[in-house]
Amino acid sequence: MEIFFQLLLNGIIAGSIYALIASGFSIIYSTNKFVHFAHGGVVALSAYVLYWLFSGLGLNFYISSLLTIAFAGFLGFIVYQFIYKPLRGKGASTSVLLIASIAILIFVESLNILLFGADIKTIKFLEIKQGLSIFGAIITPLQIFIIASSIILFFSLHFFMKKSKLGRAMRAVSGNKDVAEIVGIDSVKIFRWSFIIGSAIAGIAAVLVSLEQNIQPTMGTGLIIKGFTGAVIGGIGNVPGAILGSLILGLAENFGIWFLPSGYKDAIAFVLLFVFLLFRLQGILGTKFKKND
Amino acid sequence: MLKIKKLTKYFGGVKAVNNCSFEIEKGKITALIGPNGSGKSTVFNCISGIVKLDDGEIIFKDKKINGLSIDTISNLGISRVFQTSSLFKNLTVQENLLLAIDSGDQKFWKNLFGLNKVDTKKEKLVDEILKKMEITAIKNKPASSLSFGQKRLVELARTILNPHELLILDEPVAGVNPKIRKFIEKILLEMKSKGTTILLIEHDMTFTLSISDSIIVLDAGKVIATGTPAEIRGNEKVLEAYL
Amino acid sequence: MIEAYLIHLVILVSIYIILSISLQVSFGFSGLLNLGHVAFFGIGAYTSALLLLSGFSFIIAFSAALFMAGLFGGLLSILTRKLAGDYLALTTLGFSFVTYAVLINWKSVTNGPLGLPGIPRPEIFGFMFSNNLAFMFLVVSSALVSYFILHKITSSPFGRLMGATRDNELASQSLGKNTKKLKTISFVISACFAGVAGSLFASYITFIDPSSFTFVALIPLLLIVIIGGLASLPGTVLATIIIILIPELLRFVGLPSSVLGPIRQMLFATILLAILYYMPRGFYGKVDLE
């Protein structure tokens, strides 16, 4: 029974991390209608920036984190403004943008290796505190914080998308760009903001993942695959779906290795991705990929 | 030759085609007309197999064809011109036309071992129709470089080359200049004299009334009138629908 | 010493030519956005290596590699029949992830991350290709034969039909063509030759592990296929030579290998982005990238 609760907890923790990635990704996808695979690269590079600020320069951790989040948002802006926007302007299809995003991801990860080396880095901020025990399962304060963050994020995003002016504009562009423009929404501005906000969330993810796990140059690839899978499972067009799907993924992975050797954790994610893309493209909450331009 | 029975098709909550029934007589030119949104293109898409019926049947030469794949339906003898240009834009005009008559191109092994030599007979057929359409000059040009009128002519040529007994044409003269329009009219009448059955959608009333033997009027997915051009011209229901 | 290095380059380029022209067949000629091509390379390599290590002859191992890669290509194609564009791209990419996961985890067969060392060089009708020069001739002939076969197919009416399916699948179907079958055949051919490249690769390096078959390996391939020009086999060959040789030239700049690897990738990624922006048709391409 203890095992069950431990796996449940581990699943929720993993799912929360994936949800952080997936929600930023989903904001960008639903607004821009193409797959920004490089989102993982934004996470990875931001993690290294945190490392550099905190462990390298010795800045206060909280300040480093805020700067990291700001950097992430800025990086998202740069990628949109100087790569995607020009390509879009040349009439690039979503498939071309997908290929471009893969190129950007590879570029960023190689940059990480170049600047910081290929070894694993850790952020020594939290001491290994004694975990708390819930129903016999162990959970650390950081992990509680991660789960709480994703819950707060979920509600904040929900509130933001529904009530704020920018959020509503983003939904308008997401629903029908042409109509949104007719009513006076500057879609370029919205695209830009979706990248900034989505990438800032990636920055938050970078901070938490760095604390909970560690920092590796290719961490972005693994994370975006998980985040993307979560988004697809839940329904790629919408943000709540991405979070739901990520939780399901986290649980599936952790319960899956109850039966399979632990190395197969990633394989579970890949297989789920593959199966959903083939048989249930719209995910659980039912928003289909929008058709190509 | 072609029977549409109680055809019904929904798109979302909208009934694009609503219990529509009509028949096409062999060897004649029939026009399907009606205001925008009356379901004409949807009916065509159902016939071609592009869209699945929600209810009803389509019978071609006494055989039920709804539910069959697009290529199967084509091979049964139905050939189609689409409303929007559907040429193979990276292929030349000649290649576009050869595709219509070369059924050997699907055989992988034959092609690998060079047993599917490009038939001079087929190339001759292509040259003939290019000559007839007066577009021999553009034979080796990529389809993407053609003018709109030239594209329509090549599409018509391609559809005609494709072995068929029934031609269905979706707005064959829309947007073409009067010279080409007259030309297409001539070609269609020639085909009819050779025994081809033609079903077309057109908004150009002059063209339609002059070329058709029979007219079917659609409104809101239902047939509201059928008859000869003369009968339709004076039909009140039709005038109402168009106003 | 220079001679040995040149032989190495020729072998590497020849293997990559087979890998990239096979991708061009599905990507540029048939319009299938197959981002999982590296998986077939890996399946071919592992099939061949495992059979060779179990004592089978090279001819059998090679044929099996071709067959297995083609088999999986066919399966993947049938599964993804209804998909196109982005969806196809992502699903095929997903397939390459699944393949990688299997290679890394199925330790009893693939030996996981430790890989398979000691793959014997080919022995064909008693002749041992252990000498690199001899192996070079084997690989170059394979590349020539592969090119010849693919050229034959793509310049035949079948190739014309591939182009038609790429340009407008609906119109092709309206002309009575079974495009689903055509797409599967293209996919299978593409995968088969990737498997061939894999078999040759395994026998050359004599050691394979999953790290050669991650999706990162896709970037130079995509770059080659696009920069050489979509639907152009000669362009693809030229691009392969250039793209494989550039990083080799970097070696002489005297950078440490820990730096060389990432710089190579960054270079590829940048050139790919530039090409997507400035010349999506590539140098010899007849078709726009879509």
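Chains here go by letter, A, B and C, matching the order in which they are written, and residues are numbered from 1 within each.
Convention: a residue touches a chain if its C-beta (ideal position, glycine included) is under 8 Å from a C-beta of that chain, and two chains touch if they have at least 3 such contacts.
Small disclaimer: the values here were computed from a predicted structure and weren't measured.
Put simply, the chain closest to the centre of the protein, by Cα centroids, is C. With centres computed as the average of Cα coordinates, no chain lies farther from chain A than B. Separation between the centroids of chain B and chain C, computed from CA atoms only, is 42 Å.
Centres computed as Cα averages put chain A at a distance of 49 Å from chain B.
A straight line joining the Cα centres of chain A and chain C is 31 Å long.
On the side of chain C, the complex with chain A involves touching residues 33, 35, 79-80, 83, 85-87, 89-91, 94-95, 97-98, 100-102, 104-105, 107, 112, 215-216, 218-219, 222, 258-259, 261-266, 268-270, 272-273, 276-277, 280, 289-290.
On chain B, the positions that touch chain C within their shared complex are 48, 50, 69-71, 74-75, 79-80, 82, 86-91, 95-96, 98-100, 102-108, 111-112, 114, 116, 118, 158, 162. Residues 149, 152-153, 156-161, 163-164, 166-168, 170-179, 181-182, 185, 231, 286-288 of chain C touch chain B in their complex.
Chain A contributes residues 34-35, 83, 86-87, 90, 92-96, 98-100, 102-104, 106-107, 109-111, 113-114, 117-118, 221, 225, 261, 263-264, 266-267, 270-271, 273-274, 277-278, 281, 289, 292 to its touches with chain C in the complex.
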